[in-house]
Every structure is written in C-alpha cells, then in structure tokens.
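Labels A, B, C and D are assigned to the chains in the order they are written; within every chain, residues are numbered from 1.
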C-alpha cells in the first residue's frame, strides 16, 4: 500500500472514530475501546516482531509497567506527564532487556520474554507486599471512558504514523534486512544490535502508554491484573492471524477476533471456550498466511 | 433456569422493542458477568455463580419477584463470562446495562473485578451488591460510590475478630501466646496480615514466624517445615483456596500440631472437608455460619440439592443473603433503581444469615471466625450466634 | 535438620517439575510442535484420575495404566488430524512453530471448554498417599515422593530409549535434523507422530501423579504449560536429561530461596534463574546452538 | 601505503588452526587472488577480515586502522564489502531493494529513496536490467550471485571481497563475469578474490597469495606462485584439488 493512501486511510478512519463518538453509547464505545486497545498493542508488537521475526511475549510486561505508572503517578502529576513517564519507562526497560537478550533467537527468545514478564510481575508483587504494605492499588484519576476512547485513537494514529515513518526510514530498512538475513545485514553495514534495541524500545514504549491509558478504566490494579499474560498471548495471536509482515496486518486480526470474541461471548457464554477454539482451529487451517496474506493473494 | 435471551452483537433493535414492552408486566431482567474461566473461576464457581443460580430458581419457582402491588414477575437472566479479566468485566457490565438493558446487574467475584465494574455500575445508577469484595478502603469507596453496598466488611475486621477469639481462648482455656504467620501475596492476604499482625502485637501475642508466599504457590513444604520448627501455639495462614489445602496437607505431613490451626479463604469450602475428612475437625478459617438457624439449614439443603454440593461456609450464604436483600427491597419499592438504592441503604432485611442492616453502606456485624466441627463450618468468632470453640484442635490423624 | 528439610523438599519438587516437563521435551523437542494446549491435557489427566479415584475407586497408580495408553492414542490422533496438515504445509521449522502455536492455542480452548462443560469451574482435590515418609529425619509426603521418583525413572528410561535403541537413534535424528533424517531413509512423519504421542502418554502420567496432591480446576492448564515450557527451554530443547536437570535446579532454587532468602520471592527467584541461565547459555543448559 | 594488511592473523576452532599466523598486504587498486586447496582457510580469512569471526590473535589494518576487533557493520561502513561463498540474498525483498540495502548502509550511506533511485543503474551493470521489482528469491542461482555483487557494489566499497564468485558459471557467463570484475577494478575498487577458477585468476590477478593449512605458503604473480613446489605439493596432497 503506498504511503499517501495509507496515511489518508489512517487519518480518515481516525476521524471517523472521533466523529462517531457522540452517537456511540457506552456499549459500542466499550467495544471500540477494546478494538482500539488491541489495535495499538498488536500494531506496536508487529512493529518489532514483524520485520525481525522475533516473537515477543513481553507485551504484558510493558503494558503492566504503564498501568503501574498511572497507579503511582496518576494523582501526583499532570496527566500528559504521566503518559510521557510511561513511554520513557517502557522504553528504558525495553532497552535494558533488548541489550541483554541479543544472543537469543527463536523459541528461546519467545520464552525468555514470557519469563521476563512473569519475573517483573513477581517482583512487583513482592516489592508491593514488602514495602508498599498492599498489593492492590486504586486508580482514582479523573479520566472518563470517553477520554480513554480518544486517547486510544491518538495512540493508534501515533503507532501507525510511527510504523509508517519507520518503514520508510533507514531503521525500517535495517529491520527488514535483519529479518531476511541477519548475516547479510551485518555485512551490509547495519548495526543490528542498535536497530533491534531501538525498535524494541519504541514498540514497548507504545505498549506502556496503552497500559497507562487503560488503567483508570479498572479503578483497581494489582500485578495479576496489570501483568496478565493473556494480554501477551492475545496480542501475539491477533497480530499473527492478521499478518505481522505488514503495518496494516495486525488490525486485520484484531477486528475479526474482537468481534468473534464478542459474538461468542454474548451468545454462548457456556460454550465460549469450545467454540472459540474450534473457530480458531478452522482459521489456522483455512487462512494459512494470515488475513493480510489472504488479501494479497486475492489482489 | 429461565429462558435466556441475549443480544448478539447487533441487538439494538430487539433491545429497543423489549424496553417498551416489558416495562411493568414482563419478566425482570437480571444480568451478571462472572469468571467462568481463568484464575478467578475457582472462587466464582464455588461462592458466587451457584448462589445466583439457586436464587433465580427459587424465586421463579415461587412465581417470581414480588413487586409493589402484589404482582410477581419472573426473573430472566443474561450472563457473560469475564474470563477473569478486568477489561472483559467492565465491557460485559457496560453491555448488560446499555445493550441488554437489564433491570439489575449482579456483581462478579473478587475484589479486583468488583472494583473494576464499580465505576460502570455507579455511572449507570445501578445498585452494586458487592459481596466478595473485601478491602480496607471500603469507607472511602462508599463515599465515591453511594450505590455500592459491601456485605462482607473490611479485612481488618476479620483479623481483629480472630485475635479477639484467640484472646478468649487465652483467658479461658490456657492458650499460649506464640504465633506463626503465613500470608499469601495478594491484596486480601496482605491486608489481613497487616491488620492481624498489629492486633496480635497489641494483644500481647509473640510472633515467632512471619512469612509471605506468592499467589498460586502450592508447594509450601519449606514454609510448614519452618513453622513446625518454631513450634508455636497458634498457626495462622492468611491463605487462598488452592494454597489453603496445600498448607493443611503439608502441616499434616510435617506432623505440625499447633493448638490453634487457622487457614483463611477456602477453609469454609465443602472441598476442604471432603479432602481432609476427619482431619478437618477443629481447623479454623474465615467465615462460619450459625448452624442452629433453621433458615441456614434449609439453605444448605436447597443448595446441595440444586447445585449438587453444599455451599461454602463463608461468602456463599452472604451472597445468597445479598440477593434476598435485593428481593425484599424490590418488593418494597419496585424496580426504580434510585429508590432501590435508598431502600437497601436504609432498610432492615431478614435473611438466611439473620437481620441485615447497612451502616454507611456496609454490613458490619457478622461472624468472622469459623471452625470445622463435624460436618459443619460453624461460627465461633465475630458477631452473631456463636458456637464455643473446640479447643485445642485435635492432632492430625494418619490418613 | 533444617538443611535436610530444604534440600529434600527441593529435590522432590524438582522431580515433580521435571515430570511435568517430560512430555513437552518430546512434543516440542522432537515433533517440533509448540504445544500450548499441553497444560490442558495435563489437567484432563488430573480429572481422569479424580473420576477414577472418587467414582470408581481406582487408585491413581493403577489409573496410570489406563491413562497413559489412552493418552498415547489420543495424542497420536491429535497429531494425525491437527498437526499433519501444518507439518506438510510448513516450509521451515519457524513456520511450523508459528502455525503450531496458533493451532494448539485453539486446541487449548476446545479442551478447556470441554472440561468446563463436564466439570464446571470449581476446584477439585482428593487425598491419596498423603502420608509422611521419614527420610534423614525429614518428613516428605509419599505421593510427592512417588511423583518425583517416577519422574526420575521416566527420564532415565527415555534417555536409554533414545540413546541405546535403533528407534531412539531415529527419533533423535528427527529431532536434530528432519531433512537429513529423511535422506537416510527415516520416516520422519511417523517418528514425529510417535514422539508426540509418547509425549502425550507422559503428559497423562504427570497429570495423574500431580492430581494426588495438587488442587486443580479446569482453568489451571496454563500453569503447567508455562512451567513445562520454561523447564524444556532451560534444559535445552529435546534434551531429556536437560529437562530433568532444569526441573531439579528450579525445585532446589525454590526451596532454598524459601528457606534462606524470602518465601515471597520463590517464583521471582525461579524466573530470574531461568533468565540468567538463558543469558549465560542461549540454547539452554544442554542445548546446542542450532539455527 | 597498503590498503589492507594482515599481520600474523590466527584463528582456531577447537583444536583446528583454521588460520595460522597469516600475513599479507593488498595495495590500493590491486586485484589479489587468494587461492589454495579446500579447507586451507581462505573463507575463514575473509570472515576474519569482515569481522564475521573474531581473530584469536594478530591484526587487520585497513586504511591505517586496526579493525581486527571491530564489528562487521563498522567494517562494512569503513569500506569493505563482500559476497558469500553460499549465495545469500534477502529472498522476500525485491531485487532493487536488495541493492538498496547495500547503498543505504554502506561506506557512503544514503537515504532509502535515493538508494532506490540508484539501484536500476547498478542492476543494469550486472545484467539484471529492468527486473528490479521481482522478488530476489525467485532468481536463478547465477542471478542471485549477480545480485549479491550489485549489493556489494552499491555500498561503494574501497575493498571488495569475492568468495568464489565465479564458481559454477558456464564459459559465456565466466567471460562476462571476468569482464565485470575487471571493470570494477578499473573504477579503482581494490579486490580480494577467493577463487578456484585458475583461468580467471590468471586473467584478473596481478598477484596471488596461496594458502594451505591456514598458512601462506607462496605469494607472487599467478604463474610464479602456482609453480612453487610447496604449492604443487599442497594441491597434489589434497584429493579435492
């Protein structure tokens, strides 16, 4: 997809989301919040994992750090500063993690990132219990669901703009080359370490901001809620299903899956799991290259 | 259970039709989002869901909910699974209120999820009958959410009632003053142990061990070995269902026989008694019921018949009682939610756990310490009709 | 003796961890199926043991004799029906990994959903062989000791099977390099199916044994999947002794940190240890750098 | 001053000394042939120069700077480009994009858009004119080799390392290939080529270094060095020669 069309499409869709808000009502807004949240997370995930093919399960770690940033700082400083802090914290932690994991590849990286998210969760719990005297934190910040809705639109626009910019930039080229053949990339003059860490940080920073945006919606967070590993898995599955190789791929996984969850949830609460699993299996067998792959084949 | 109509994703049109048609005579629609799956499913399926089902069935078999004027209206249920996730719970409640347009929403299981949906219920003007939501900050919460009612009180009340019970045993039965504490690293566990530690110190007990362990940990042999070495008179674990069982079993393996053995959440589960059989005897835990009450006995019998197992001896009867409060309030003022919130906050209700009257949206007086005595988890501490403590706890027997 | 208590409980726990991971070493290490539904199969075996014990009065040790072959067959079918199409269409190991993650994620929900419909979401637990055994003056539950002992036995048997038999050599060849294995005339598809099914039989064994002391419900599968994945990765993919070593290390670390450090940190210590080992040896303790 | 000087370079794998005290120098503008029986350490030497492997000891002086401990990417940026013995292209990227990667990150880095503008000219030069939009993975083996060379050239290197780039070409292609390398050298690019095709070595290289068992055993003009008794012995002693 060429850039003017892509950017125009992002702007138009974002505009449509914003315009439609007054007519939504809480239910539809709630559904769209869910879709927007996963769009931002899955696109941010694919920003790094798509081109490098490093499958990360650390989404929940960065999301949770963002949520905790809100819990700790939400009442202490102006909101824009809180979101900025979340972005910085996510990026810094990701940089440290990125630098330490460069020797890992394939499934070792996958499980490492999962272990990392769990380690952070355990440490946060322990530190809260030991020094905070509590494990749950209340998030009473004057942020309404409508505010969250608009902030998520902004986050989505930001992540698409970021992705668009990265793709055209030297960084994006570097990552595609790394994903194709890391050895060639190195010998072509690409600082593989720097490129990977940089993008991992950018991607994590978006995830943290999303966590920070979402936290007030739940009034209460603890480590189990904020660092829920389901978030990592759901993001991974959505992005892979949509197709992580394209910037617009993950959203093609997010939207149908979110709607599928919703339909099954609303109509079959007692058989939700079975049906979800069955539909999932069917999709894996019938849509082997992701939704984006399906679209490209048709074209 | 009654027939259930659910709005699929679209659903706007059908919801609109219903809202005009059912206004006065149709069924009363009650919705809930509950953790059928995920980490909370264990608790939700013991304490909350069975009681919702039992109550709906009981009411409908009696002809429906009584509304002012004497008419009865059937209950129609809309239910969702929140998969133990806060975001799903929020969305489900949003959907129940705004899409399915239910008349009332019953709360999910657990403090985290209750607080997550608290803001939505507050915005929607729905009464929030929070039961399985126990935290120290309830007084602050009811300021923010005057529609919310907390039926199980604050964490510190549980710990303080336990310490009072222990003091009674010290005075009357010669219980010593050494205590070993273990607590799960979870909000409730931490609040319990913080309050418990302070109360124990005030009461002059000597804490010889004070350990925490992570949520979900079922391998607690080192912890119990340490407790056994400390050889205290009293062992208190502010624990959760899976680890409550693990701690008890490990104590038995280690032949650790303090004179008071207390494990918190899950002790009151029928599962506990089923697994430990005669060894459950004398184990104390959070909760407890007044087994002398015929209404409780009737409730236990109905629960056993409908659900297929007895209820737990702590939050189950209170959950059921919270529904009775709702039922009686509806009979008084009908389905106007604002009037209903006022009625629940100011009325006195006769329930299976006795008379309930809210003080600042909280139920204060209730049994807090239970003990397995025979087949029953009886109330031995806190407020209400209490049974004398069986002391000391008999030593573990070989399985 | 304090130290004996700690080390002994650590070793027993480690054995149980190894037991949980043993099936996945075969399923992922040999058959290359990253089985996210692994824990659901473990839980299903827990339920099978529970039903056999509480309804039919069959004790869990005898239940093994039923559950293992049954699970072998079921897992063979799962491989034949769900995995074969993926194996056939995957151009490389990476693609198969992604596909198997997605497919077994679906399978996870199906198995969990079926368990939920049958058993509901409540906790289950029963008591069998919950009697203390005195070892060096320290009390260990017999059921846990037995589970750990069987883990050790399975690990050794598997090791011998893989190292000393013709079939084992073939299975190892498939694990190391499927393409070359095919060149030397090994029917890789059959051996992969065999390894997956054998892994399934071991899942059943661990589920049955763990059910003797573990309180479980239908939603707890993920706990086992994650534990197993961590142990398999830490030991080195496809390495049975690696899994045993990793399990024992984690068990000991957990007991030692509970005994000497802070019982609230046990899980954190485990994850930290896992991460540290991967940073030190990026392909696990016994893994060879391949890719 | 020499453009590249290897001083006493060594590298072992386990007990095997793959490169053992290797020293030689390349003057600017030269085409140096690096020959020797299979397993004599030629590719390892290239890998040491480009930073793909780290030397155990010794120095690699490029344009006056020791790069023996530099990372591959900084060596590439310093002006050394290479091709690989087993051809490596970025298969799902287009042909033009493969070339662009060389230009974007090479010795004279440029913006991606500019790199894409430059790609067609390079593709024309190596004989893939007008095929820039095709995916690189679809190319024949020989064309992939061409593409690798284009990618290396796009980096505008001062030193180009060719690892058996002419291997497997038919006589016509070989002629073209030799002409191409000659034209590259004529542009002032210094070249080190590892090669088994002796006719090409004789046609292109003013000087060769002969390796055996990780050591330099002869050096000089192709005719002189290849007739060295030590070289003959090395080749005759090797079944693969």
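Here is the rule we use: a residue touches a chain if its C-beta (ideal position, glycine included) is under 8 Å from a C-beta of that chain, and two chains touch if they have at least 3 such contacts.
From a predicted model like this one, the values you see are computed outputs, not experimental measurements.
Q: Suppose you hop from chain A to any chain it touches, then on again the same way; how many hops at least until you reach chain B?
A: Between chain A and chain B, the shortest chain-hopping route counts 1.
Q: Touching both chain A and chain C, which chains are there?
A: The common neighbours are B.
Q: On a CA-centroid basis, which chain has its centre farthest from chain D's?
A: Most remote chain from chain D, centroid-wise, comes out as B.
Q: On a C-alpha centroid basis, what's the spacing between chain A and chain D, in Å?
A: Between these chains, centre-to-centre, one finds 43 Å.
Q: Quick check: how many Å separate the C-alpha centres of chain C and chain D?
A: Distance between chain centres: 49 Å.
Q: Suppose each chain is reduced to the average of its Cα coordinates; what separation in Å results between chain B and chain D?
A: Roughly 74 Å, centre to centre.
Q: Centre to centre, by mean C-alpha position, how many angstrom separate chain B and chain C?
A: Roughly 35 Å separates the two chain centres.
Q: Chain C: which residues touch two or more other chains?
A: Answer for chain C, listing residues that touch two or more other chains: 112, 116, 262, 264, 267-268.
Q: Give me the residues of chain A that touch two or more other chains.
A: Touching at least two other chains: 122, 125-126, 129-130, 270, 272-273.
Q: What's the complete list of touching chain pairs for this entry?
A: A-B, A-C, A-D, B-C
Q: Flag every residue of chain C that touches chain A in the complex, lowest number first.
A: Residues in contact with chain A: 28, 34, 82, 85-86, 89, 94, 97-99, 101-103, 105-114, 116-117, 222, 226, 229-230, 233, 237, 262, 264-265, 267-268, 271-272, 274-275, 278-279, 282-284, 291.
Q: Could you list, by residue number, the parts of chain A that touch chain C in their complex?
A: The touching residues are 53, 55, 100-101, 103-108, 111-112, 114-116, 118-119, 122-123, 125-126, 129-130, 229, 233, 236-237, 240-241, 270-281, 283-285, 288.
Q: Taking the touch rule as given, give the residues of chain A at its contact with chain B in the complex, in rising order.
A: Where chain A meets chain B, its residues are 25-27, 29-31, 33-34, 37, 122, 125-126, 128-130, 133-136, 138, 140, 214, 217-222, 224-225, 228, 230, 259, 262-263, 265-267, 269-270, 272-273.
Q: Within their complex, state which residues of chain C touch chain B.
A: Per the touch definition, chain C meets chain B at residues 2, 5-6, 9-10, 12-13, 16, 112, 116, 120-127, 130-132, 138-141, 213-215, 217-219, 223, 254-255, 258-259, 262-264, 266-268.
Q: Given the complex with chain A, which residues does chain B contribute to the contact?
A: The touching residues are 6-9, 11, 36-39, 79-81, 83, 85-88, 90-92, 94-95, 97-99, 111-112, 115-116, 118-120, 123-124, 135, 137, 144, 185-187, 189-191, 194, 212, 214-215.
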